[in-house]
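Please read the structure below before turning to the comments.
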Amino acid sequence: MTTIGHLINGETRCDAERTQAVFNPSTGAADKQVALASKATVEEAIAAAQAAFPAWRATPPLKRARIMFRFKELLEANSETICRLIGEEHGKIAHDAAGELQRGIENVEYACGVPELLKGEHSRDVGPGIDSWSEFQPLGVVAGITPFNFPVMVPLWMYPMAIACGNTFVLKPSERDPSSTLFIARLLEEAGLPKGVLNVVNGDKTAVDCLLTDSRIKAVSFVGSTPIAEYIYSTANANGKRCQALGGAKNHAIVMPDADMDNAVNQLLGAAFGSSGERCMALSVAVAVGDAAADALVSKMQAAMASLKVGAFSDSSNDFGPLITAAHRDKVVGYINSAEADGAEVVVDGRHPEVEGHAEGFFVGGTLIDRVTPEMVSYKEEIFGPVLQVVRVKTMEEAMQLINDHEYGNGTCIFTRDGEAARYFSDHIEVGMVGINVPLPVPVAYHSFGGWKRSLFGDLHAYGPDAVRFYTKRKTITQRWPSAGVREGVQFAFPS
Amino acid sequence: MTTIGHLINGETRCDAERTQAVFNPSTGAADKQVALASKATVEEAIAAAQAAFPAWRATPPLKRARIMFRFKELLEANSETICRLIGEEHGKIAHDAAGELQRGIENVEYACGVPELLKGEHSRDVGPGIDSWSEFQPLGVVAGITPFNFPVMVPLWMYPMAIACGNTFVLKPSERDPSSTLFIARLLEEAGLPKGVLNVVNGDKTAVDCLLTDSRIKAVSFVGSTPIAEYIYSTANANGKRCQALGGAKNHAIVMPDADMDNAVNQLLGAAFGSSGERCMALSVAVAVGDAAADALVSKMQAAMASLKVGAFSDSSNDFGPLITAAHRDKVVGYINSAEADGAEVVVDGRHPEVEGHAEGFFVGGTLIDRVTPEMVSYKEEIFGPVLQVVRVKTMEEAMQLINDHEYGNGTCIFTRDGEAARYFSDHIEVGMVGINVPLPVPVAYHSFGGWKRSLFGDLHAYGPDAVRFYTKRKTITQRWPSAGVREGVQFAFPS
Amino acid sequence: MTTIGHLINGETRCDAERTQAVFNPSTGAADKQVALASKATVEEAIAAAQAAFPAWRATPPLKRARIMFRFKELLEANSETICRLIGEEHGKIAHDAAGELQRGIENVEYACGVPELLKGEHSRDVGPGIDSWSEFQPLGVVAGITPFNFPVMVPLWMYPMAIACGNTFVLKPSERDPSSTLFIARLLEEAGLPKGVLNVVNGDKTAVDCLLTDSRIKAVSFVGSTPIAEYIYSTANANGKRCQALGGAKNHAIVMPDADMDNAVNQLLGAAFGSSGERCMALSVAVAVGDAAADALVSKMQAAMASLKVGAFSDSSNDFGPLITAAHRDKVVGYINSAEADGAEVVVDGRHPEVEGHAEGFFVGGTLIDRVTPEMVSYKEEIFGPVLQVVRVKTMEEAMQLINDHEYGNGTCIFTRDGEAARYFSDHIEVGMVGINVPLPVPVAYHSFGGWKRSLFGDLHAYGPDAVRFYTKRKTITQRWPSAGVREGVQFAFPS
Amino acid sequence: MTTIGHLINGETRCDAERTQAVFNPSTGAADKQVALASKATVEEAIAAAQAAFPAWRATPPLKRARIMFRFKELLEANSETICRLIGEEHGKIAHDAAGELQRGIENVEYACGVPELLKGEHSRDVGPGIDSWSEFQPLGVVAGITPFNFPVMVPLWMYPMAIACGNTFVLKPSERDPSSTLFIARLLEEAGLPKGVLNVVNGDKTAVDCLLTDSRIKAVSFVGSTPIAEYIYSTANANGKRCQALGGAKNHAIVMPDADMDNAVNQLLGAAFGSSGERCMALSVAVAVGDAAADALVSKMQAAMASLKVGAFSDSSNDFGPLITAAHRDKVVGYINSAEADGAEVVVDGRHPEVEGHAEGFFVGGTLIDRVTPEMVSYKEEIFGPVLQVVRVKTMEEAMQLINDHEYGNGTCIFTRDGEAARYFSDHIEVGMVGINVPLPVPVAYHSFGGWKRSLFGDLHAYGPDAVRFYTKRKTITQRWPSAGVREGVQFAFPS
């Protein structure tokens, strides 16, 4: 059985004391295992990163960027392998894995522009003959802790920019699907990254806690569920670290009566069921304004879902694949049961999908639930499965209130043709990423990703311009060159 | 006896259950008292701020800025009163209070430019026919907690920009010298600020804890000592708030052998003893490189200090005034005693100053201590008094190591004529604000203020461009207007 | 009879050899005359500006900005006088003059933020140990040549920012209504501007040509008609000067069938007839899509125009005032005649307005002309009078083609409720300033003003961020401090 | 004999009516010839570019950038061929050609970041419910005219960014060494650029004049000599085009008495003689402050020049190669003769170099001339050969005056260890690109390149951030969505 190890100081390492099975969710089989790092192993990785820091910090940003240019080439050249590795351990269909990789590459592309992004502000004559400027210097060793649902993309949100800014990095990926993450980390070394600048440790809470408490780690980026995000954020802060921790979501789409309903349905299909709904930007709630809109939406959705195909990652004709684990499949099914028990109407039922030849896979089919109401547990919590719930409201204000009252504020969308409705919605909705006729309003790599409310802990969003600020600290220099022979008067007052 | 109250929803209020004496440190007399807000009073202030938020948020930034333009005029027109109020309760000499006020006004001036500063980033065609842009929206109700040493300037670091960004504000100033703070808050209302947008509550830990835990407060800015800053930061974060907390300092100046020594001495006089050293940017340690430089520095400093004049705030010929309390005076004297006991040489002794007619004032004279070493308590801790310590080292590297090893990283300075030394120093020193021949490298209002290490908790610095980011949250909107009649294909893959 | 002179080096001067009458267009009387500067007088102004440059350039931007803060206060305090002076010589009604002044003040407010706007870009480590940064340095003496229609606003587009950037200035305002321009220039001196930094010379082509050819003038900003703009631009360029020259316009509004027609009519009334149409952003052509929209527009417009009131500036109940001269009135009437002769339908005829008690004033009433077609002279040329022409088209594409084919490309607008139409229009229309349901899409002061095609000659737009670039030149500094004792290898290859 | 043709609409074309010989300057032989385009051929290229524009403009910036990523890879993969082609026709030694190529590639790298660089400014609530933003839209078809001395780098300053911004391009390279230029243009097509987006026409004044007058060309970038630059600029402007035209230079280095003289000499060797001095940034004048500095400089320079090796491009051990033509060689020799005749002292004489086996090559050896004075013709004019002139002055002020008085203001440098001298110099020198101990202060690709005075005609500098502004036009959109049913009041006053 293959054991997936760590990447420390340029070497593949295997800390074999503890391991955990890695499943192929399409078959239910556990063909591999992953090493779980001990505290000592994590500390070795941190030490490697710290040792690599001074030389890496002194490397001009342009030279650092050039390694990212080469990294992009290698990611593209190896896309088939990467997508296969994602599919085997996560279950994502190849076209979806390719989308994930592409979005990850966009972050590498953005990091290629780091010389521009690191520019500080220079002011001549802040006083007579006095100049002042700011520099954005790297923090030192920084860490990333990433989730199972995007084993390639989310790590690429983090370390390319962190490293391009002059930091060194320790990554702790998800132990559920670590192979693709490890594979691309090695590609970055192949691209010319010096040893120790990027280190990957696989592990569990032992590894996480070590990263959160070791004083050599200066910052932590996290993506996962809200309870863990909150723990990460408070623990990192209490240990003197900068932290950004992204948590859960419950993304609503408002469907207005004037929306192009066929378009909305087509968009929702992908946004709700793509990647089995295991995306923090998945659209899991459709809020229909008025019963006419709701009826049209539900009936057209039901019709469209007839051709939805769930199945193994290896068949590209499938629309989406299995869930990550058997336990998670059971949890998703539990939410459907609970909605039904609470009085909601299961219009399309994906609880018992037939996937020929994959009886042991962790599958749930596309599910549509109508007449969901806000007090139901299945509405309040994040399901993270291929389940679209429909809530019916009378007015746009009521729809917006629903969204604003929800614990999460990651993404949202409105379907309409009306400029005024769109502007009012985008202005007043308490959500960080807003789509107007765009159901998955994931910002492009040159903007930043972040939710509001309990979807993100921290001041700065992920990737894009905010990442440059997150991975650097501002230094302000004030300079004056006194002319020789000039004696200057004593000044006791605060300078003005 | 005058009781200093609160400003809540545009009205002066007095929560009289608990009060605390306010001293005139030049005379030692307590002629006034300040009301200490109960939890209920603080909650009233928060409620007022929350009620004022929707209308204020909807006020265009340009209109908000215009109130800041008017505020600046009123601050200038009332400068004499403001400086007198500072002097009476803080003890600062008029010329120094005027400097403080001027620096505060600069932050109001910067806030006048908020329409420019709030600009988001707009991208056409992030995909075919898809646009995306970011907006920086206000947070809601935010709070500031400010220290005694700059009762006017530090509040003006915070609320002008917070308010210009569309937030409403609750300020808890220092209870030692609240009058000037309250006075200028009323000027802002006179400038046209709607009621409830700025509220001031005087108080102690009760008030602070209420601000830190009330869920309606979205962010907290703090300036004070490091232990309190740490408490504020972790408590605010644990309660779901954004926080920036500025703490203590120990600012070193390296005096290089090639420095213009007379200039350095003149600069150090003001930077070490101005405002009695009660500044987080006070230069309290001079690190002389080589004994020749050290000897020259000490002897010239000693000579220059002969004419230093400590005394009451009301006499403008004084160079600096008393310390804030009798207890703090005793603490400063204690540090001098301790340095002496540890073997350092008290070259100029300010422990027993004679200030005619002010026998009860809390005075300590300018003090110069040579041959201080890093293990002494008086070196490790922040003295916050008119005491300059000299440490002797052999090399610039040794001097820099000393600074980089210190707990604090607020400000630092190098005196040299050499371009290479200056560049090497500013690049590698682990301090957030760096001066090259500038002993108090306080960034101007259009740059940002912030230390490193345990001098600042948080990602973003105070005032300047960082304040705009601190007081707003990023929203990213992605927009697409589907053409009528066009049906779009279902897309299950992650969009690329 | 009052003679209006010049402001040179802080002194009011009168070059009396040649003068020209200044009319009150509401009465037709010429109560004042303006001195027309000789070449020698203009050269004195240039010399004064050049002498003032070194000290002004060395004044820190923050100090320069503070004079703009004070200037704003004085403009507000003197608004009544300013509006009266505009009214007397231009004819603008008080509420309209107040709007002009306010828009001018916004440019002063923006110039108050010049310390932020002048920030250069700083890059650490462009190579090993090499830093590089840019500074935006002032040009020297720059000139402005401004039109009659905004005697206060257009000068305020130019010199506040030019001066805040460290330049000194020579302004040649319109000789038709110079008093308000001169009055506010003196206010800037009252605000603390050193003598010679701003100079005003009244004059005609003699003055203009002197400014265009004198080698001490480094840049020229111009606003006026297109033929003159072209002359200014090519002459200034041929004499080694930077130049931006804004010319004429023909601003179209597309009225879509789905537009809120009452709103559109209300908006068009002000945009077409305000200031008698003597605005380069006046909306002079309404393009109705479909006959239904056209019929509704024309009939509602006709009804609304019944209450339009033209009259003298001194009566604030008037909607708009006279034209600037008798000759211009005749020219406008000529365009109406020509449209009629060409077969268009004069729906509302303003050719013979009755303005009681002002029989000699240069009045034309609000005029509405339907069924105008693109080949008519009155369509091709800029009328600059209170005349709204309606063109009828069948499709939005046809409407856009019309606009894109026109010589001018200053402003345009679409009235619609449809997000898609608005986005398509704003993306593809060949016009520099675009309104979506905004009939006068004049950018606010913190954005920049500029048309496309033959409406603007030059790379950079007027005011806003572009003005900072126009009034400064980029200097890029690359710095390296070699370590002593280190010998560096000879390098013959181009550095990479 | 090979005939070098054009690249039009993706096809290699040969307009054979007129041709011109292309020499190998190392051998003096003319083995190839270049086609000189007729007006009709240039118009075909323009037509191809115009036809390609709409689709290219509609391609999202990210997709356009991706072609630049691929272009970079191809340039790197083909570097050997490119350097050989440069060497054969220009004479540059391989290490120098590699430096040129690398600098060119840096501009491609910068263009890869165009999605970031094209971001416009977005303002919410410029008025109540009104938003405004700017977009930077492409111009259309733009042209570049480039010089012989950097046949690869200077074209890469222009078209990668122009094209990345959405424009299409017609390039007219130097007819002296067109092969490398054409070769890399084909690589861009190989990288995926659609046909017609980049076209290359070889030619002479016929081609240039066609580009300058054809109304379909919207902008022209030029690099060459000052008289031609001036012609290009005024002709392009008179034909309604945006233009930036870079001309000649005379770059001075001030050598201060405190400079590290060995370092200065090493730096000057490469900066003066590299690429035979045929660089607009070549350092051709050393201004020594004080005779001691001058004597040391001359003697050390003389010693160092003993090992300078001039020769054919094919031998990498050579330091620099031949001049571009026999005529140019004669001109350079003429300047040396003239300096000698004017009384200057030819310390090292390169007029008769022996280059074994290359008797017919156009060689001049490294030449050092001392005691040059400002009135000599060889000082006033640009020599563009391997000649370093030394001017002796008494003070730094005198040195700076010399530079500020010169017609050109491209680059300059100071050698010193003194921070104050460096700051004073960089602040006050009237030159666009300033080096502090950096003899060739060519800005990196993420800053912009441009001289002052008669070294550059235009507002915006070449490449870097300024190029984005040069190759786009600003459009400002102001948007308001009126609420249905709400009727808005007529507004005649100018909106405030």
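Chains here go by letter, A, B, C and D, matching the order in which they are written, and residues are numbered from 1 within each.
Here is the rule we use: contacts are C-beta pairs under 8 Å (C-beta built on N, C-alpha and C of every residue); 3 or more make two chains touch, one makes a residue touch a chain.
Because the structure is a prediction, the values reported are computed rather than measured.
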To lay subunit A over its twin subunit D by CA atoms, how big a turn is needed, in degrees to the nearest 5? 180
The chain whose C-alpha centroid lies farthest from that of subunit A is chain C
Chain-centre distance (mean CA atoms) for subunit B and subunit C, in whole Å, is 43
Subunit B to subunit D, mean C-alpha position gap in Å, rounds to 48
Numbers and ranges of subunit A residues touching at least 2 other chains: 62, 106, 115, 119, 121, 123-124, 126-127, 134, 417-420, 422, 436, 444, 446, 479, 481-482, 484
What residues on subunit D touch subunit A, complex-wise? 62, 65-66, 69, 72-73, 106, 109-110, 112-113, 115-117, 119, 124, 129, 131, 418-420, 422-424, 427, 444, 446, 479, 481-484
Footprint of subunit C on subunit A - complex, ascending: 58, 60-62, 115, 118-128, 133-135, 137, 416-420, 422, 436
Show me the residue ranges of subunit B that touch subunit A in the complex, using the header's touch definition. 93, 95-96, 98-100, 102-103, 106, 121, 123, 126-127, 130, 132, 134, 153, 233-234, 237-238, 240, 242, 260, 262-263, 266-267, 269-270, 273-275, 279, 304, 319-320, 417, 422, 426, 431-438, 440-444, 446-450, 452, 454, 457-461, 465-466, 469-470, 473-482, 484, 486-496
